[in-house]
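Take a look at these structures.
You will see two complexes here that share chain A, one where it goes with chain B and one where it goes with chain C.
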Partner chain A sequence: MEDLIIFVILFVSSYLIGRYKEKRHFADIIRREKELLALPALTMKQTEEYPVAEAKLVTGNVVIAGDYFKQIMASLASFFGMRLSVAESMMDRARREAVLRMKEQATGADAILNVRLQSMKIGQRSTITGVEVMACGTAIYYAK
Partner chain B sequence: MKFEPRYAEENVNVSEQNPLLDFVRLSLLLLGILFGVYLVLGFAAEKIAERLPPNVEAALADSFAEQLDYKAFPRTRTYLQQVLNQLADNSHLSGFHWQVSVQDSPEINAVALPGGHIVVFTGLLATVKSENELAMVLAHELGHYAHRDHLRGLGRGLVLLSITAALGISGDLPSFIIPSLQTFSLKYSREQEAAADLFALDVVAQTYGHVGGALDLFQLFAQQEQKDSHIPAFFSTHPDAVWRLQAARKHIRQNNYAQAAVKALPRAGKLPFPNDVQKLDGDGQPLP
Partner chain C sequence: MDITNIETVPGKTITAHYGLVCGSTVRSKNAFKDLGASLKNIFGGELKSYTKLLDETRQEAVDRMKEQAKSLGANAVVNVRFATSDVAAGAAEIYVYGTAVTVR
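So, the complex of A and B:
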């Protein structure tokens, strides 16, 4: 019985806190994405038109934790093999945050080329303690 | 052409689902599947276990019989065995030589194991006040043999164990899944306990000519259950003492079983008998 009470408390509080945090993070991501919209992050390797004056490596790295609720959902969904929407939102947050951080590092750049994203799960076996996403690219400055 | 950045407002990478609804849907589905598997496999295992011939059952019992201590509390054990033999003679049961052993444990419980091995815990013996109460306890265990509950429980237990093991391998599932399966199996065992009670009443009435005192112990448990919010271990496998007591009373009325004075416990009048230890010789070997 005690186990069940602890489970319900953990489950509900983790769901509510997790939802709230996620909502706030998404709002923050959207605001910053709009601010940095003028700086394109591209997967192409070189520009055709302009001469490049300077190029440098920029990286953005983020780790997002998977809460208790997400872990439970993940184990349930893994039993049936279905879309895991709680993990989708976690991955989406991590990817976009990583790209944003990369863009923030490229101060004054005209574009970021050859952008690559890498993700990694943090946690033992089937548990998801968190996900790490790293974005890296080449920030270029055109010759004026 | 000039570069014109545009912002995509819609997020295509995250499914628009309420995760809480998903959780409820999946949990119910999983529980449904598990209950189904448990019902079907449990029923099959029960039917197979029920039909185990006595020699197979005896072979099964050999695997654990060594762990039962038939030398503990020798005088108490002999007395229990006498009472049990009387009951068995009056019950028309066949198949085994029933053996009772006393286990030193505060648990208020007794168990019927395959192969005719009955184990009574000292915690239960300490609450027994008359021979009739004791006879009721032992006859109740005989009832489990009569209905082959000890084997049916084994079959179901095996299925439950397999399901739990399979779930354990497949990942860390929510902790409420397995307890809810076990609750179901408890509810199922309530019926078996009540059936064993009725069998025990018949045997006690046959042996002593009346059922006086037989229900005293159950009455005590029922009273305790009503006033105790903290449930003792006995009820975890023997639930709803009040419900069982009512069923037993109804059975007594229907069969017009007589009530008469109880037979007192021999010697000190309490169980297990005081100073009931095995006498050892100089080499630590038990004296005959």
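So, the complex of A and C:
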């Protein structure tokens, strides 16, 4: 009985707190994405034929943990072979945050070329403990 | 030292190639474990200690690659790639490789 009470408390509180945190994080991501709209992150290797003054590698990484609610929902959904929407929002959040951090590192750059995203799983294979996403690209500065 | 993940260093010309250079670091995942991380695992959110650790690990791998390139007499590394692999249970390897070149 006590186990069940602890489970319910954890389940409900992790759902509420996790959802609140995720909402706040998404609001923050959208605000920063708007601010950094002037710096394009491109997946191509070439851009306009302007003389380039400087080029450097920029990276951004983030580790996002899944909450207790997400872990329960994911194990339920994967049992029935459903879409893991709880994991989708977590991945989306981590990727966008990584790209933003990469952009923030390239202060004053004119473009970021050849942007690559890669992710690594943190923790055990069976649960969605967390995910690490790394974004890297080449920031270029045009000669003024 | 110029490092890019495209085939050239924009604005400069490559004058010599020195071949593949790489750097790797293996970190155990148990070292990541702390109280904050396990608490965060209940409520979600960013694991700042993990983020910082992985960032430092990657930086260390890049530094090792730079050192190798420098010892060859190169002044830039182009086409840099990052890779990760599970070496053993609980340990991860971060691997960085690229082509050492001289640019002018």
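The working rule: the second predicted complex is superposed on the first by the 143 of 144 C-alpha atoms of A that agree within 3 Å, B and C clash if a C-alpha of one lies under 4 Å from a C-alpha of the other, contacts with A are read in each partner's own complex, and residues count from 1 in each chain.
We take it that a residue touches a chain if its C-beta (ideal position, glycine included) is under 8 Å from a C-beta of that chain, and two chains touch if they have at least 3 such contacts.
These numbers were taken from a predicted model, which means no experiment stands behind them.
Superposition of the two structures on chain A shows chain C fitting alongside chain B with no clash. In the superposed model, A:Ile122 makes contact with chain C only, not with chain B. In the superposition on chain A, A:Leu113 contacts chain C only, with no contact to chain B.
In the superposition on chain A, A:Val52 contacts chain C only, with no contact to chain B.
Once the two complexes are overlaid on the shared chain, A:Ser14 sits against chain C while remaining clear of chain B.
Judged by the touch definition given at the top, the superposed model places A:Glu132 against chain C, while chain B stays out of reach.
By the touch criterion defined above, A:Ile140 reaches chain C but does not reach chain B. Once the two complexes are laid over each other on the shared chain, residue contacts for A:Tyr68 go to chain C alone; chain B is not touched. Considering which of chain B and chain C touches more of chain A, the answer is C. Between chain B and chain C, an angle of 110 degrees opens at the CA centre of chain A in the superposed model, to the nearest 10.
Between chain B and chain C in the chain A overlay, the least Cα distance found is 14 Å.
Interface residues of chain C facing chain A in the complex, by the touch rule stated above, are 2-7, 9-11, 29, 32, 37, 40-48, 50-51, 54-55, 58, 62, 80, 82, 84, 92. Note for the complex: chain A touches chain C at residues 10, 13-14, 17-18, 21-22, 25, 45, 51-57, 59, 61-68, 70, 90, 97, 113-114, 116, 118, 120, 122-123, 129-130, 132, 134, 136-138, 140, 143. In the complex of the two chains, the chain A residues touching chain B come out as 3-4, 7, 15, 33-34, 37-38, 40, 69, 71-73, 75-80, 83, 85-86, 88-89, 91-92, 95, 126-127. Residues 3, 5, 7, 11, 13-15, 17, 19-20, 22-23, 26-27, 29-30, 170-176, 179 of chain B touch chain A in their complex.
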